[in-house]
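The next part holds the structures, each set out as structure tokens.
In the two assemblies presented below, subunit A is common to both, partnered first by subunit B and then by subunit C.
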Partner chain A sequence: MAIVNRAEGRAYLTPLVGFLLFFLGFPAAVNLVYSISTVSFETLRSPSLSGLGNYAAVLADREFWGAVSFSMRFGVLTALAECLIGLFLAVFLTPLLAKRSYLMAPLMLPLMVAPAMIGLMYRLVLHEFAGPVPYYLFEWFGDSPAFLDVDNAFRTLLVVEILQWTPFAFLLFYMAYAAIPLEVREAASLDGASALKALWWIELPLMLPTLVIAFFIRFIDGFRVFDNVYALTGSGAGGSTTSLSIYIYQAFFKGGAIGKAVAASVVLFLASLAVLYGLNWITGRGRR
Partner chain B sequence: MLNLLRWFVFSIAVLAMNFPVIVTMITSFKSARELSLNPGFWIGEPTLENYTRVLGETDRFNIYGYLFNSTIASLIGTGLAIALAFPAAYAIARSEAGKRTLLPLIINLRAVPLIIFAIPLYMMYQWLGLLDTQLGLGLILTIVNTPLALVILVNAISEVPSELDEAAKMDGASSWQVMLMIIRPVVRPALVTTFIFGFITAWNEFLFGLMLTTSRAVPMTVGASFFFAASGGGVQWGTASAVMVLGALPPALLGLLMYRQISASLTAGAVKG
Partner chain C sequence: MKLNRTSFSAAAVLLASVALPGISQATVTVLGWPGGSEETALRATVEAYNAQSGIADADKVELLFFNRDGFFDKLQADMAAGSDAFDVNLVATYSIGRYAPYMEPVDLGADAGKVFGESVLKTMQFDGKQYGVPTDLSLHFMYYRKDLVDALMQDDAAKKKYAEIAKEHLGKDLQPKDPDSWTWDDWAATTLYFSKQVNPESPVRYGTVLQMKNLLFNMMVFQSLPRSYGADWTDKDGNVTVDSDAYKTGLELYKKLYDAGASPKDSLSYEYAETNAAFGSGQAATALQWNAAAADLTNAEKTPAVAAVTGIVAPPSGPKGRADHIHGLGLGLNKNAKNKEGAVKFLKWLATEDAALLYARSGGSPALAPHVAAKVSKERPDLVKLGEFASQYGYVMNGATSANALSVYELQAKEFTGYWAGQQSLEDALAHTKTGMQDLLKK
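Now for the complex of A and B:
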């Protein structure tokens, strides 16, 4: 016998569902209508349907594909680096952290600071007169690169994102590593497996679901990046650091191109659905 | 020997990952004169003048206003998310309702880039008069917080033995009473974690603060960037640093106090979600 009957269950769910329908369902519908309409700030309430023109305009826009490429590369590279460094730290530091859990606190601190704030902080860190990094590079090597110019901005942003979010991957792996049953480890060492072999053949396969999930979460977050990039470089010199989120923001607020911005939103929505579907498919298979 | 290497790696990792925060803290204790001579890690003459200026001169940029806006909007965004998610989580954990479609749908919401809803929401807010209000920002933060709140609470309630509910029902309690008087006290730790985590997330949100507020309801993350908008003499790095330290302090303190609970719920949210 269910403790909450069906009617009661529905009643408890209603406020949440209503709220989400109002704040997400309605906007999603507006997105769809506007994306196939000719619309400007003057004709917001009476958009006239115009077919797929907005989508064609977006898909023909070189800046859009530049933004897709930026987001894609940014998402894959940051997720990869964060997972690799995080995995190394989790495995290597576990003997240190297991006995002293307070050491986790400084490792987790970056996760508590707003990405936008981190972006602003790097403006100081990398500033040619006030920043310590160029200062010491000049002191020691007599030269310092322009971290935020067209050639280097992408790499700089990669480092900024990776340093802030590696702790997230680390944390997931640390927990997964600690959750491996003691008997498994003992059995491995009884069979004469070296620590490295046990890691490669036994522990990593056990952690595989977590690895996949962490990669996807970090990929999605990297793909939709906005805050730190916007705070540090904006769209960048010549649009070199325009992520897809920044593209949509710029098209709407700077360009007033509502139809285009909305069509790009729908494209992004479909893309994220595809990624989610892929993730569910992979983890679903893994569990079976 | 190996242990020494571990300490070394740990120290490098902590320094590298917290590097911007450390630099900003150092800079916030330097006078403008010292900073122009010495941008390095050493503070020659520590001074509090940046903090007294930020907290004292409030005519152009009012940091109290930003802190206040962030606090109110985050409280709305966290409180409302819990108020909506808690009954829903109870229903999902204790009946079949919502388990099949609603829960996965809301969990997946976390992976959807919320910017795709930003433009219609902006227009909707214009009609409703919610632009540049703390309530408007708080309602968006509710959406941001709802998925993880729901996951944490469903997990927590599922772990409560249902005999507890059944015993209370035998005594004639309605399910509403069971939820509020039996379940709520038992899962209080999860509620606290949800609140802390939601508050940090809400405080650190930037995109919607940037889009939906202009002056009266500007949150701290957006307000901090105002101090970087160079006006005439360029950025006052000492002042800007003090602003960032003050703005990052509330979530950082909460996080450091509660890092154990937060790491547990982060992983629960990721793995079970």
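Now for the complex of A and C:
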């Protein structure tokens, strides 16, 4: 027997649906209209419908695909690195944190800083004449690499992102790892499983849903990166560090190409939806 | 319940009185440029305006500021939405065309030309109409190390080395010169001489600091170089001329200096702040930088390493003489202003000599006609140089006040930095820029 009947369910859902329609549905509808219109800041209230030209312009734009490539590489690499390092730290530090839990606080500190501030901080830290890193490199080796030139900017941005967000993955993995029942580990130990085998065959499978979720959260965050990249390198020499979010921002505000920017955001929305459905499918399959 | 309502009402009144202390009485609301000397100067000037006996309560001015980051983007969104939250708004030379549809021209009267000079008033004009009062002017100075250049000029062995470097890297016979008579070639030879990578004996690490980040403001710094070779965005018929020899010369010179190590390796991520830090560290011999940096770079407390030995001249000359990019910040009239009459009254007053002098004395950087600047030369000697350079070398590119001027700068920044970074050829960079500019400037 159902806890609530169908009518009651609808009644409970109405405020939520109303909220979503008002706060998400309206902007989404406006976006859809703009994406198929010729519109500028002067004609925001009277866009003229122009078909799918904006979508064609976006899909034919080499900068759009450059931005997609940047975001994809950035999202995958940072999510992978954060999850691997976070997992290693969770397994490695759990015994220590069980005894000294206060150590968790400093490990979480990077999460407290706004990404834009992180970008500004590294602009200073890596500056050849004001930053400590180049200073000591010059002191010790007589030279310092160009951290933000066109060859190294991508790697530097990856490191900056990974340093900030690895604690997030670590936190999730630590909680999942610590939640594995002691009896399971004891049973594995009694059966003669080595620590490595227990990790591979027992602990990691039990942590799998958390691993998947953490990877996708970090991938989505990395894919839509804006703040720290914008603060550190802008869109980079020749647009070399233009993420999809930066592309949309620049097309909208700097280029005044509102229809094109909105069309790109709709494409991004559809791609995100596909990823979320994929995630849902993977986790659903895992549960079965 | 009654108590709750009473408390709620009291809290609302309290909040309103705290959050909106001025707006409740505001009659002319001015949206200014937040932070920095501009805000300080505007506050002092408005205070003096409101204190005048002839100003009715209905015409008193209140100030409104929001964050500098993304200021013009937010302003655009506000104005496009028909906001009447302010009667007078900030406007900049490079964005006048973008905001003109939401603004109204103002007649500042004949005396405004005598106070600022026509070339400066032009920084606030679009389609031949005056859209604002110029309050602060920005241009560029060539900052250089007097001690290093003096030592070079007095040392015969150093001069010989200088000539060898100039011949090898620039293919020209050059001798060290006084910076005030530098051509761009002289400057380039000097920067190469003072770069460790070219001349290991150099007392400093780099000869200059180039601002090469993909950022529209860096294009303003750069373009005085091609301009002195005759560059313009368009010819008189409106044809885009960015693929001219003048632009090629300028772009190639920047790349040559960057590749030779005359500028820091990270120059492709450098803008205003990085350039100040590099020059201020004492490890760079020259820097083409905004005039706003003069106060810091010549202040012994803020820049102890170089303050006493920093010289300032106008940018070097090219075959067409010297050129110095100028743009102004100013205040203009919102089309949707609630109190247009009061706003116009304030703007006209702001364009008078008394108001301009007060603004200057309060820390602002107005470009004043020489006879007006002379009246504040003791308190603000920098304004004399500012006015002198602006009137003698100041220029605004054809189309640089158009609706898409900012987009043109953005486009140039992307394409030119792509060339400097070695991601595309000079021909490709100029071809992409030309195509994009044709599209942007025809709109």
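The rule we apply is simple: the second predicted complex is superposed on the first by the 268 of 288 C-alpha atoms of A that agree within 3 Å, B and C clash if a C-alpha of one lies under 4 Å from a C-alpha of the other, contacts with A are read in each partner's own complex, and residues count from 1 in each chain.
Please note the rule applied: a contact is a pair of C-beta atoms (placed from the backbone, for glycine too) under 8 Å apart; a residue touches a chain by one contact, two chains touch by 3 or more.
The model shown is predicted, which means the values in this text are computed figures rather than measured ones.
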Partner chain(s) touched by A:M117 [first = subunit B, second = subunit C, both, neither]: first
Which superposed partner A:G238 touches (first subunit B, second subunit C, both, neither): second
Touching partner for A:G9 - first (subunit B), second (subunit C), both, neither: first
Touched partner set for A:M108, first subunit B, second subunit C, both or neither: first
Touching partner for A:R224 - first (subunit B), second (subunit C), both, neither: first
Of subunit B and subunit C, the chain that contacts the larger number of subunit A residues: B
Which of subunit B and subunit C A:H127 touches, first, second, both or neither: both
Partner chain(s) touched by A:F253 [first = subunit B, second = subunit C, both, neither]: both
Touched partner set for A:V30, first subunit B, second subunit C, both or neither: first
First, second, both or neither for A:T210, with subunit B first and subunit C second: first
Overlap of subunit C and subunit B interfaces on subunit A (superposed complexes): 44, 123, 127, 129-130, 253
Complex contacts: residues of subunit B adjacent to subunit A: 3, 6-7, 9-10, 13-14, 16-21, 23-24, 27, 35-36, 39-41, 83-85, 87-88, 90-92, 94-98, 102, 106, 108-109, 111-113, 115-124, 139-140, 142-143, 146, 150, 162, 165-166, 169, 175, 178-179, 200, 203-207, 210-211, 221-222, 224-225, 228, 235, 237, 240-241, 244, 247-248, 251-252, 254-256, 259-260, 262-264, 266-267, 270-271
Of all residues in subunit A, those that touch subunit C in their complex: 41-42, 44, 123, 126-130, 145-150, 153, 232-240, 250, 253-256
Complex contact set, residues of subunit C against subunit A: 70, 73, 76-77, 79-81, 98, 101, 212-216, 264-266, 268-269, 273-274, 277-278, 280-281, 283, 404, 406-407, 410, 414-415, 417-424
In the complex, subunit A residues that touch subunit B: 2-6, 8-13, 15-17, 19-20, 23-24, 26-28, 30-31, 34, 44, 89, 92-93, 95-96, 101, 103-118, 120-125, 127, 129-132, 135-136, 163-164, 166-168, 171-172, 175-176, 209-210, 213-214, 216-217, 220, 223-224, 226-227, 230-231, 244-245, 248-249, 252-253, 258, 261-262, 265-266, 268-269, 272, 275-276, 279
